[in-house]
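The two complexes that follow have chain A in common; it is paired with chain B in the first and with chain C in the second.
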Partner chain A sequence: MEQNNYNYVKAELPKSVGKTGVAFLLVGIVAAILAFVLEPARASFSSLLLFVYLMGLGMCSLFLVALEYLTDAVWSVAFRRISEFMTPLIFIAPLFAIPVLFNMHDVFHWSHGEAVQTDKILQWKSPYLNMSFFLIRFIAIVGIMTLFFYLIIRNSGKQDKNPDQKYTRINVKLAAILIPFFGISITLISIDWLMSLEPHWFSTIFGIYYFAGSLLSAFAVLTLFSVKLKEWKILPDFLGRDHFYNLGAFMFAFVNFWAYIAFSQLLLIWYANIPEETFWFIAKFNGSWKYFSIGLILVQFIIPYAALVSQPSKSNYKRLKIMSVWIIFAHLYDLYWLVMTTFDKNGIVFGWIEIGFIILGIGVVLLLFRFVYAKRNLIPVGDPKLNRCINFHI
Partner chain B sequence: MRDYSIEPSVVEGKPTFRQIDELIGAPLEKMPDKKFYIAISITGTMFLTGIICWGLSFYYGTGLWGNNNPVGWGFPIVNFVFWVGIGHAGTLISAILFLFRQRWRNGIARFAEGMTIFAVMTAGIFPLFHTGRPWLAHYLFPLPNDHSLWVNFTSPLLWDVFAVSTYFTVSFIFWYVGLIPDFANLRDRTKNKVKKVIYSITSLGWRASNRHWQHYELVYLILAGFATPLVLSVHTIVSFDFAVSIIPGWHTTIFPPYFVAGAVFSGFAMVQNVLIFVRKVFNYEKIITVDILEKMNKIIILTGSMVGYAYAMEFFIAWYSGNQAESFVFINRAFGDYAWAYWIMVSCNVIFPQLFWIKRIRRNIPIMFIIGVLVNVGMWFERFVITVTSLSRDFLPSSWAYYKPTLIDGGILIGSFGMFFTLLLLFTKSLPVVSIAEIKSVIDGAQPTHHHKEANNGK
Partner chain C sequence: MENKKIYSVVGLFDTADEIIHASEKVVENGYKKFDINTPFPVHGLNQAMKLKSSPMGYFALVFGLTGTAIALLTMAFMMTFDYPLNIGGKPLFPLPAFIPVTFEVTVLLASIGTVLALLFVFFKMPHNSHPLHDSNYMKKCTTEKFGVCLEADDEKFNEADAKAFLEKLGAKEIETIYTVKEDVPPIFTKQFIGFLVFTVIVISGATYFVTNKLMFMPPFNWMMDQHRVNVQSVSTFFPDSFSMREKVEGTVPRGFMPEEYKESPDSAGKYLQNPLEYNEKNIALGKKKFLTYCSPCHGNLAKGDSRLKDNFPKPPTLHSKKLKEWTDGRIYHVITFGQGVMPSYAKQVTRQERWAIIQYIRTLQRALNPSEEDFNGAK
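Right after this comes the complex of A and B.
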């Protein structure tokens, strides 16, 4: 096959990306600091929410990169960098976990020594749910995932200068090794930071639930950036509807996957009706949470399902843009539902604190994109599969 | 070494269309040879053993089986779940990999889909007999009847009836639609008058016109889209049979995805095993290449690891939950009366497939065959462990009992293998086991798409 005939010219990102990012970040930081001063407990929950969101996004973006190498996917080669740009979240997101570590008592019931003393079940769990092991797991996961991030992304970058296939070959191997580590890590993150918010509750599917939502958000962020870059005419012309169709199809597939996992969990717990498990869902039907819980079905399943089910909608740029924004917030809705029901059991709490942290998160993602974009190529110009990607047709 | 800049060939050695027609049509044009008769007499004998045992069960009742109180679900449910699981690989290959546009699936899709149909047929017999009154099987359907007797709509066992029958119907139609262009091909090639009439009817007047192909491809895509959620729903609902109950070891939320992964796992091992013979006997080595087998082995290690993840989660949460009954069941599985079955399951499902991390083993046919067999043994034991260990150690220690299958149970199990392989053997001699039309579309240089000008000019 002929050599890669695509000539990559780096285009300037619109200034608004960086400006919005800075503005959001500053507003977010001010709001976060104020929140921690005024209402530390509530702020900790919001910070935790931001951490699990961004951590899942970062890890699943790395997973997407690995998936491309493993499955020998072609259509996604020119999109891969956008996912790569999101992977530094693996070590940025933990920054938002640190304030939570200083407010453990407000967030995690099991961190109270006295509460554990009088509670047989928490005593039983204490070999797992204790501060030191919790920290060890946290550091180990961030460390291992950062290591994989470093190795895989570095090889991908090196290939830009030296289009040698050996980098692809090494990354395929690294990607395969990543998968088991990734599976265990994302499960432990979900158990430690989300499931243990209600330390008496347990569900074996929970890790997959968090994975499903996070992967969905990773696809949505990838799609949103792709469509925006296309709008700004930064993305090369060869990326057309056939390529975007895949993004739409995968978002649609993972909307269904998330719904499948969520439904399995709900149905099995509802059907068996064992009080040890049902109390978790019952608590999510307290007061105004009831409407919020029912809304989740609509927000993260029915609406994106209906919007993406038809074939043309999967490659309609406008539809993709709207739905990717929608899904990004739907996953936030989902995580908010998991986290904030522990903070206030009586009803929805939503105010400037929560909004402040969301703004902070958007600022982080935008600035991250802006800075990594400035440093690296948007198109992996040395990738041996790039030419096949250019010629990709459904 | 692999060159990533070019698309790997699916079919080796650029055969012409004519060569493909002749290669795939050959087994249908020759009388069965000695090997075929030997094979079918073995599977036929196994099948007959099963028929005798089914007949005895029909006449004397289910008392001939090892099922006791508390183990009311013995071999029949184990075998049912096992065979339904085998069917899943076929749909995964033919429908899901089709949606993922995996061209390598073209060479094996027909055969795998056939295995789905036969596996589901085999599976269906078990619940039928397990009802104890198979002659009242129609009561499983919500039919208006004399006694105004309705089915229990809230029972997953009933959802199974709907799910499996829908799945079978859609799989069968999907399979048949895929066969239409091939029937037309055989009709045009055959010189036998009887065959010509049969193929003319079954090919539904196919003339391979552009419009026929357009309709065909649309229907094929839609059916693949239908089959995908259906196949997931089937083993999901099978898992509900267990997981909606409150039996320790059954009630765990990971069951649905875990069962689906396990089903694909065992199904792929079975397809891989059978294909190894098919490619050898019919000289399909260039169509069903080692590359394809290697890809299947990769899926085996992936799904095997998913199953391993589920085992680990179950074990961990059984401890984490602090629920005594749960912890007891899992410790009992690993160290109790059925520890032997448990360790067969763990080693065959989680440990041995990990050998596929090594490329040389992934491409070594004898070793992959052995691992495939072990996977199927392991997956059969998985269903055994889930069903039997949980029931034999119920909440009430006074009613604990050890489950021991009888000879009749064994005969039925052998019979199910006999039935499955007999049907497969008949299939290999009556229908093209590789899709002629689909394989032609993935030969190097044959690009049936309007995007490639060279291919169009060539015609």
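Right after this comes the complex of A and C.
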């Protein structure tokens, strides 16, 4: 068995992480409570937005961990823990879905019984789109994903104390079982919480659209924390430009993947020109939403594409830091575009309520990182692939 | 031997680690023009050799953007300006539909351009030989050894020094490579030209055979030779030897409306009214249809002076007193059922278009013979 000769010494995170996290969390909670008191409908939409963002981030982080086990990737071993730190979002994010469940009628048109009775399409969809099955799906997805989170992350942690290859073998098997469950779960999340905002509309590519954006944000969060840890000199020295190059390349790849999926969805609907599909896009070109929709192309595709296209830019720490922050917010922009067009069909609404929920989300992620970091090792010291990661060169 | 020019001094190493160490030393020693040859890609060699990033990306960028521009401009020129076609009610510049094609052309040009730049700029085509070819050094480097090649172009280069330096690094089989003097680039030799000609003949012959002969041999012709009636051939199945069946007597197409007053043009003139509003849009439609269907005989300005006037009985002018006094319904009857030599145009122009044509005729009549009020109105 290969022995790792790397000696991990745990470094303290800068105090500012925890402090900023607490401050953001408190401000966010106050803003959220105020918002629910003053404008419950608008606050529900924002809460929904926060839920789908963090849920996608958590699930895709778990997916990244699973992907590393499945593909036997070497370069990412030392980064894996940062993705692992984000996976508890799988059961934290649903907290933000609970207020939405209490305001179902404001958010989901199909939850109105009388509306369904006069609507043939909704009647036909009601075996799927009804309150009890919706809740069953929600609980089942959160439950199954939490189970996989518990099993995979626990094995990864155990390996730190007992560097035994059997944990890697078990995790590879778990990851293989996870993938189909993950695919179905993230598709159902996107259908239930995003597509059913407009219950008459359907798009078969919608699940993968949400997946592409979420995985992109998972990579961006991973890259941002990695670069920051590198700046704080917490990340070990062996993680150099070759490792970061891969992060940049993956962000670049998934910017393209997202654009490819988004464009495919637009092209097919635009080409076929069927009224039951096109109205969704027409609504997104209503009033000031028009400029927001065109801006999406710029924000989530053209700018990150241009910023990351050249080879040196993918391993330039400063560029990576800026672009990961950019992409984190670009994905937010994307989800905001999906969600808030239903709230106000006439134009963009953006105010303290939306900002409050965004601050809340940032606080949650920072504090989560802070607390999990305190409990666990940043580097999987027992992983049999760590040596190869240390010696990784492009 | 004296007139041979030195190309480089080469040495071989046994392992990848040694070659990385050696290349670091070579850089440290100040050599700028040198190369490393390895049997497989060695990780970390780029950094050890202190290579600058390749300019290849810029070629790809320029060629790719050229492809984007060519694709978009060509499609815009053809589909929007030169021959505008309405396809499925889409705009004449349907950007989403152009994107996939633009993407393909961009990728195509970027890849072809990169390969051509590689061949002609970096490999210096048509020169396709290299002093290291056919050397013992290259034979070893492509199988099991790792080679360092110190080129004579380097300012620091000196044969004896270079050999001593390589020896100090621990290289084996150190030797001097001389440039090969060639009168003609090898791709212009008889053998190579002959090979090209042979390839061209074989490929074009094979293409001809496949497309003109092979496709008409079984089993490739099974789809063509089916039991069906081809265009302009006799059906042996139906007794009347037509393959197309007649309509059942009394059937009419969907939305069919019979034309009225077929036998009584005067009634048509009396009872039919032009249902269209007299406006710019309808006149424009009428003008388009008039120029397509009526002007070949009646002339562009309906003066009866068209390009066909000597080949047919002279078509009448539409500015006669008779025509001016005819009601719209009377003219409609002529377009619908024909008159004299003029056949029916009911199949070519729809009812609405016929009424629009009449509006355009009225406009022409007024434009060519304006009244006093028309001039006053113009002021």
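One rule holds for everything that comes next: the second predicted complex is superposed on the first by the 392 of 394 C-alpha atoms of A that agree within 3 Å, B and C clash if a C-alpha of one lies under 4 Å from a C-alpha of the other, contacts with A are read in each partner's own complex, and residues count from 1 in each chain.
FYI, contacts are C-beta pairs under 8 Å (C-beta built on N, C-alpha and C of every residue); 3 or more make two chains touch, one makes a residue touch a chain.
On a predicted model such as this, the values are computed, not experimentally measured, just so you know.
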Do chain B and chain C fit side by side on chain A after the overlay, or clash? clash
So, A:L308: does it touch chain B (first), chain C (second), both, or neither? neither
Contact-wise, after the overlay, does A:H393 reach chain B, chain C, both or neither (first, second, both, neither)? both
Which of the two, chain B or chain C, is in touch with more residues of chain A? B
A:L57 in the overlay: touching chain B, chain C, both, or neither? Say first, second, both or neither. neither
Touching A:K125 in the superposition: chain B (first), chain C (second), both, neither? first
Touch check for A:G183: first (chain B), second (chain C), both, or neither? first
Looking at the overlay, does A:K385 come into contact with chain B only (first), chain C only (second), both, or neither? first
First (chain B), second (chain C), both or neither: which does A:A262 touch? neither
Chain A positions touched by chain B in one structure and by chain C in the second: 267, 271, 393-394
What residues of chain B sit close enough to touch chain A in their complex? 1-8, 101, 229, 232, 236, 240, 243-246, 251-257, 302, 305, 309-310, 313-314, 317, 320-323, 357, 449, 451
In their shared complex, chain B is touched by residues of chain A numbered 1, 72, 74, 120-121, 124-125, 128, 165, 168-169, 176, 179-180, 183, 187, 191, 202-208, 256, 260-261, 264-265, 267-269, 271-272, 274, 276, 384-385, 387-388, 393-394
Spell out the part of chain C that touches chain A in their complex, as residue ranges. 43-44, 46-47, 53, 57, 88-89, 96-97, 99-100
Under the definition above, what is the set of chain A residues touching chain C in their complex? 263, 266-267, 270-271, 273, 310-312, 392-394
